[in-house]
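We just call them A, B, C and D in the order they show up, numbering each chain from 1.
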Amino acid sequence: MKKLINSPDSLITDALRGIAAAHPDLAVDAENRVISRAQPAAAKVGLVSGGGSGHEPLHGGYVGYGMLDAAAPGEVYTSPVPDQILAATQAASTGRGVLHIVKNYTGDVLNFRMAAELAEDDDIRVVSVVTNDDVAVEDSTFTAGRRGTGGTIVVEKIAGAAAEEGADLDTVARLATEVNERSRSFGIALHAGTVPAAGTPGFDLADNEIELGVGIHGEPGRARGEFAPVRELVAYALDAIHADRTVSGNVLVIMNGQGGTPLIELYAAHAEAAAWLAGRGVTVARNLVGNYITSLDQAGFSITVTELSDELVRLWDAPVSTPALRWGM
Amino acid sequence: MKKLINSPDSLITDALRGIAAAHPDLAVDAENRVISRAQPAAAKVGLVSGGGSGHEPLHGGYVGYGMLDAAAPGEVYTSPVPDQILAATQAASTGRGVLHIVKNYTGDVLNFRMAAELAEDDDIRVVSVVTNDDVAVEDSTFTAGRRGTGGTIVVEKIAGAAAEEGADLDTVARLATEVNERSRSFGIALHAGTVPAAGTPGFDLADNEIELGVGIHGEPGRARGEFAPVRELVAYALDAIHADRTVSGNVLVIMNGQGGTPLIELYAAHAEAAAWLAGRGVTVARNLVGNYITSLDQAGFSITVTELSDELVRLWDAPVSTPALRWGM
Amino acid sequence: MILDTATAVAWIRRAYELVRADEARLTRLDTAIGDGDHGANLTRGLAAAEIALDEKQPDSAGQALITAGRSLISKTGGASGPLYGNGFRQAGKELREEGDVAAVADALEAMLRGIEELGGALHGDKTMVDALAPAVAAFQTSASATLDLHAAGQAAVAAAEAGLAATVPMQARKGRASYLGERSIGHEDPGAASTVLILRALAEVTAP
Amino acid sequence: MILDTATAVAWIRRAYELVRADEARLTRLDTAIGDGDHGANLTRGLAAAEIALDEKQPDSAGQALITAGRSLISKTGGASGPLYGNGFRQAGKELREEGDVAAVADALEAMLRGIEELGGALHGDKTMVDALAPAVAAFQTSASATLDLHAAGQAAVAAAEAGLAATVPMQARKGRASYLGERSIGHEDPGAASTVLILRALAEVTAP
């Protein structure tokens, strides 16, 4: 395994130093492992997210005006710990309550729950919204349920815009929940990424094999499939999304790279997604093409589709200034 | 080889369709293979660049307000053809002349020269600036000379800002030349990328080998080295840059990923670059960390260092709105 | 033999040694059906627990387990951290000062409840519960029959091992392995594997 | 035998066939010391030249070569496109209507000059010039001795092959291979290899 690291153990610390050096608009608390705004917002609902590292720019890349107030990055693919999430919550708190945006993984959910309990001891009101947009996983009350993936970014952007406008905690939480419910994602991998501490790829694929329905942690997907032209792969992903929630109206599409996919290929994939959607009379009102929620150096893509309302378009378009999303300012 | 493509032959066309779908601010002329602004600028010096594909977001990702007016993407790693560059030049021309920003590769230089001759026939005045910031290659009048790499982005941003302010062709060209002279780059690869039409990586590296001084086309570097912690790799690259042009004062640093490198690793590398520079009393006044000039799915990084003046900082900070760089608007 | 403060601390220390020695195997199991960090997670968490015990110098067995549990919660990350952490906390709360074999049986029962309540996993969901639940039952049975802490501990290990083996044909319904659906069948659950180690540590430190 | 319009067109067609058949080898050579596209570039360029010849239906040998050269320039991309393109253009300008062996010798001389002027490569820089220059010289020598177009063509191929072999120990000073410095030593230059094919095509279509 060759990686641009000093050692697997120091990677998170080193990356946090790099983030601090790169982004003067962010404050990095190296001890608590919290990334927050250098200029904390005046009284508004605070937004906190976090989860395992290895998904960059998620989460730290979405801290800034119009999105998160603080993020808690865990070890690679490992949820952050409660102390850390508590510190992020404290950094984000201005007295109007804090929203935890939590991707649905047992580890994340449990650690955020512990942190929320600790925060209540500090008289910080916390509401949690759990994202679970990944249709590859069967949803049922008897299971861990669906994973949170690319839809999380849409939730963070739109909830962030509402918080910036002064909405109260319940309103922001309701909006976040609504966006999550309107979002669906599906991922396909061509090669697994390598967790530095493990040193070998998360799964092995033959030259003609792909993983269908992968998550963002190098977990194998729900099935192994045969390699096919991108047109078919994109159709497979969109069919899976469409089967779960009819894709119609105005949508936001994120054609997301998993970290090891060239941008030219993502554009080729986006062309197919646009054609698939146009063929069904769906309007792509907004889109992102690039690496927005990655799995280290995994090769592959995921598609997130969010059905938009006029109000959601307005909030999506609202100014944002973070390392990974920036417009209107 | 598994790639998100329909076929190697259709990749450029498919990617152009994707770019058109993704970026309503861009106009894509699929026949001539030209990416230009959907809203052409009013009278100003036109900026055109181009080169092989596979370096995305370069070049199309830098078309927009404050940077390029048009870009001509060739086949993967192959310079565009003169007809195409001519079409881009025509799209960029408002009567105040057009600057060609050409990376120093024989193919690019020759094809842009042919296009410039054709443009003169159309009464479009063309001045070419050839970028050659890569210190890995020995510079000499007897050779092809240095390659143009990451410095090209800085040239395009700063020349673009000056053109937007109304500077004339000679002024913009002088500024572009100055920025090129102030810029130096060096790249190191851990794994070669794979050209779709070739199907196998450009070079093979053993588990403990790396390529030192790679270009952006999967060319082998000037030497094969031994894999080492990122601190040493970054120091090697910065030492090479420093040996060629003393690194001092206020600098812009681009910590660039080659397409297959996780962002978390680039941040770890940036931390080392920041420490190396701080140790020499150099101030990192501005920086970019991410995939800005790639080599398909090659794993590795390149560092570009540009010495800034106050005027260059001002032009760097000027508003820009392109797919890959966006701020101030 | 009773579980006193020193023995409780020794339990955590020994669990750390056993997990660290088997870290690669736990990681391998988690790579197959999870995200490949269970070995690293638990090693990190138990290392933190050991440091916390050194600093805190607990004056009761219950305090020792609560201290370990708290630091597992705050330092491990992942699903297993809060689950094992809450398990140890509840065990410590139940145990208080120190305990004989019957009290330890109750403490293990409390540990199981702490994990079940937080994680919501049922028997057969292919989690640590599938090793711990039969182990607690075996411990109780042996405890009332032999009144011997070490023997009960050994019975618990044997039952946990059988529980671990039983996870192989199960389809996961909780944790990351559940995302694999049918593909989770055919593998040992990593959390069940680490449960065996934690119980083995208990059996070892209670050897006469 | 003279190089008339039909023969000139046949030359380009045959060059396309030979290059296409050897595309993989040219690509392999370019992968070793360049960027692995020389085979694809030239195949694309010559395919375009063939289409242009079909459309244009040139009425002189010179027109045929100019047409091919122009489309090589506008459709190939890379370094080799403008270089070969300018070479064929200059050859066509020199040849005009059609030509005997002496006129073809002058046309090849013009081709060489067209490439040298545009690319600035000197003999020994490890480029197509290292195959073409000795080939042109051999063609001229054979032409004045035998007055036979086919024989002169064969002599040119043999000299180009020797020139290609001579590029192996050279260190590149032009084109992408120059970036490798000493590491460019030990490989055939891809452009020199394609020059052999282009000259072989000429020898073949001028066979009696």
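We adopt the following convention: a contact is a pair of C-beta atoms (placed from the backbone, for glycine too) under 8 Å apart; a residue touches a chain by one contact, two chains touch by 3 or more.
Owing to the predicted nature of the structure, the values given are computational and were not obtained by experimental measurement.
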item: Intercentroid distance (Cα basis), subunit B paired with subunit A, Å; value: 29
item: Interchain centroid distance [CA atoms averaged], subunit B/subunit C, Å; value: 54
item: Approximate Å spacing (C-alpha centroids) for the pair subunit A, subunit C; value: 32
item: In subunit D, residues with contacts to at least two other chains; value: none
item: Contacts with 2+ other chains: residues of subunit B; value: 76
item: Touch-based graph of the chains, sorted into line, ring, star, complete or other; value: line
item: Which chain pairs touch, all of them; value: A-B, A-C, B-D
item: Contacting residues of subunit A [partner subunit B, same complex]; value: 1-7, 11, 14-22, 53-54, 56-57, 61, 76, 190-191, 193, 205, 207-208, 210, 227, 229-231, 233, 255, 259-275, 284, 287, 289, 291, 294, 296-297, 299-301, 326-329
item: Residues of subunit B defined as touching subunit D within the complex; value: 52, 74-83, 105-107, 110-111, 113-114, 136-138, 142-144, 147, 195, 197-198, 200, 202, 215, 217-220, 222-223
item: Subunit C - residues contacting subunit A, complex; value: 27, 31, 34-37, 40-41, 44, 73-83, 118-119, 173-176, 178-181, 183
